[in-house]
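Heads up, there are several structures right after this.
Next come two complexes built around chain A: one with chain B, the other with chain C.
Take a look at the complex of A and B:
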């Protein structure tokens, strides 16, 4: 591991308590604690965020619908798994609309391997595999979550700094009346 | 594994783009698509990172606390935009380290605009209004791009750049409507220096833009350099003139038949000089990046040492 290439962590952000976590991008960090701090600086400079998860990119099984179709053998790998069952979080991308987020957390599946969890998810009508473009499977043990007790200190400053919001400037143009006096 | 012929794969790939589907990491893509995206996205990331320097220089000299907070937030955004974009490039198989090495070694390109100096406070305002305004035009197009990670980074960046544009324009409007003669002169001087480099940001004329056809064919770009530049000047020239400012272009005229603004010839020799590293600030910008990289080394070493210590104590305590 060199000076500038720390492991990559994928970042999942939750905008409000009733919404699922969504993949927003990645950060590099020497450990999960620093990854969470970097993720806050990179992805939560503005509202909204109430929670963040990070997971090492190397622990994530990612498969696109195209990859699955081109390589039907991907299911076979799951049958070789041995060991204890554990929970895997399932994320999917179901839309081609323009968006600033990628895959969305849609459920948890208990399995021995990530491949087995994926095969189970694809077979489960709840996950609507016909309309999934990308699947991510993340072992729950690989995820580090922001502490709910830190929520206010961690994310609130992003909401207080209204001068970061384009909406706080209103319409700006030569015809604008009431230019505020600078203090 | 079904190994369809390359022509068939290419055909399927182009059909996906025609249907408006996003290409995602893991999907098949032509090598040239990957190569063009790595080139574009890494240059774009470097532009955000180097773009912190001309404005960052004015943070200690901001005229009041509000302007200082706004400028700090803006420069912090540019750092974040660089991170979004390095992430998008990484999904194509290049490492962030390779990109940073290329930048520090002077092998990487970045937007030529940041090789011009910020000589006065009003330059910060012009960068917000016109430089970021021009960037938003380009980035709004790229938000439609066929490659998912680049498109998503652009959607996020455009939402934030609108703040950059407005805070800059707000300052120019204020200085020109309520400012002193000295402030108005400072604004005009800034416009004189930034106008032409800003127009060059859209890139060479379509006839001199060798990468454009393949970028358009694969939905990376959906509009041409000249098309975006024309739309931008049509929107902004009336706003600039309404403030009583003079645009430094003796050939500028409004064409009544086409209802568009016509500008004089752009000095492309200057553009290529700056792109090739001979602009007024190329050497200073790279030296500043190198210094920041070197000065940050102890921080990187400290967090790495801490992470190692925590990891080893976890093993020691059996957690």
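Take a look at the complex of A and C:
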């Protein structure tokens, strides 16, 4: 079946200034500007967020630890030495816990190709490759970032909308009495 | 100045938001893509929130019940402009209507933040940030519709030809305006309109749209409505009217 959708963008959300950006899902959009707007509406209508990035899914190199183990030759794909070096953002997934299903931004590596950046990251102790389940490598040039000046209008209003949180709705009347806590 | 003079103004602001919110909510489940379905539902919910804030200010002066105002009022007592009661039409019409309204709201709220009536100024501050986002969203769409394909341009221009005169009704002065302006409670409608034109004229032109020559508002007061209001209210009020005294 042919794909009539707009291109897919991966969305990275930062919850507070000192935390890394985390992948939260994807949106379809005709261009990066619309992708950022769509990302705001889909992923930041509830608290909280202070910044968002989007990158076309097609620009992202993604590999799981399983894929790496099954194809030891993955490193050979890179053509080191050709072209200019540029920064790649490295994202990893290090936990299988439900609340941490997505990859988190962990650093930047300068390389000529995404494969080369990935190989460098895997070899670098800082990235703790043994505990990584999934790697994403995103060329910095493919990322569009939200403007810090837009934080007040894009993200701050959601903080007042506690009615959009599941937690603002308690149990209804008698139901609560019937719930027995298991400890 | 007696602050009760502000009543018609607050009701007009609240009704505009309420009816537009209801129209936009009709897109839920029908928007062209999922992401936009969510975005428009978000905006409808924001406008509903703004309506609530304005109804609360109004009811603080009149002692009315906001729910009764919305769900049990007769059509001829609503004071919104006809622009917001028109059916959604196509996507170009919906986006352009929201854009023209957002620009009006944005320019008005900027002035109301300095209102001498503190509750109104505080309410405007609260809404303003949200409205800046709406404007960003709808102007991004307008640019793409106006400069997109031949068909998207044609549809958007057709929408503008209908909406331009309708939008002018926003700036028809309400009873008591002079007194309120003098007391520093609201900006004059002429000043508001000038600020709106400064925003929308150059922008629509960059979208390759032609501003229609006809800028005659559909009515000179807000009691006059089009044939579109009765069916809208029938839908909006049908559940509440089944059992007017029900407790929710």
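Keep this in mind: the second predicted complex is superposed on the first by the 160 of 183 C-alpha atoms of A that agree within 3 Å, B and C clash if a C-alpha of one lies under 4 Å from a C-alpha of the other, contacts with A are read in each partner's own complex, and residues count from 1 in each chain.
Quick note on the criterion: a contact is a pair of C-beta atoms (placed from the backbone, for glycine too) under 8 Å apart; a residue touches a chain by one contact, two chains touch by 3 or more.
Please read these numbers as outputs of a predicted model, since none were measured by experiment.
Visitor: Who does A:6 touch here: chain B (first), chain C (second), both, or neither?
Guide: both
Visitor: Which holds for A:152: it touches chain B only (first), chain C only (second), both, or neither?
Guide: After superposition on chain A, A:152 lies in contact with chain C alone.
Visitor: I'd like to know which partner A:102 touches here: chain B for first, chain C for second, both or neither.
Guide: first
Visitor: Can you tell me whether chain B or chain C touches more residues on chain A?
Guide: B
Visitor: Report for A:46: first if it touches chain B alone, second if chain C alone, otherwise both or neither.
Guide: In the superposition, A:46 touches chain B alone.
Visitor: After the superposition on A, what does A:93 contact: first (chain B), second (chain C), both or neither?
Guide: first
Visitor: Output check: A:128 vs chain B and chain C. Expected answer is one of first, second, both, neither. What do you get?
Guide: It touches nothing on chain B or chain C.
Visitor: Should A:140 be classified as contacting the first partner (chain B), the second (chain C), both, or neither?
Guide: After superposition on chain A, A:140 lies in contact with neither partner.
Visitor: Using the superposition on A, tell me which residues of chain A are in contact with chain B and, in the other complex, with chain C.
Guide: 5-6, 27-30, 33-34, 41-42, 45
Visitor: Given the complex with chain B, which residues does chain A contribute to the contact?
Guide: Touch residues, chain A against chain B: 1-6, 8, 24-31, 33-34, 41-43, 45-46, 62-64, 66-67, 70-73, 93, 96, 98-102, 133-134, 161, 163-166, 169, 172-176, 179, 181-183.
Visitor: Give the list of chain B residues in touch with chain A in this complex.
Guide: The touching residues are 1-2, 4, 20-22, 24-28, 63-64, 66-67, 69-70, 73, 76-77, 80, 83-84, 87-88, 90, 95-97, 100, 143-144, 148-149, 151-153, 155-156, 159-160, 162-163, 165-167, 169-170, 173-174, 176-178, 239, 242-243, 297, 300-301, 303-304, 306-308, 310-311.
Visitor: For chain C, which residues are in contact with chain A within the complex?
Guide: 33-36, 38-39, 42, 46, 126, 129-130, 132-133, 136-137, 140, 144
Visitor: Sort out for me which residues of chain A touch chain C in the complex.
Guide: Listed in rising order, the residues are 5-6, 27-30, 33-34, 37-38, 40-42, 45, 150, 152-154, 156-157, 160.
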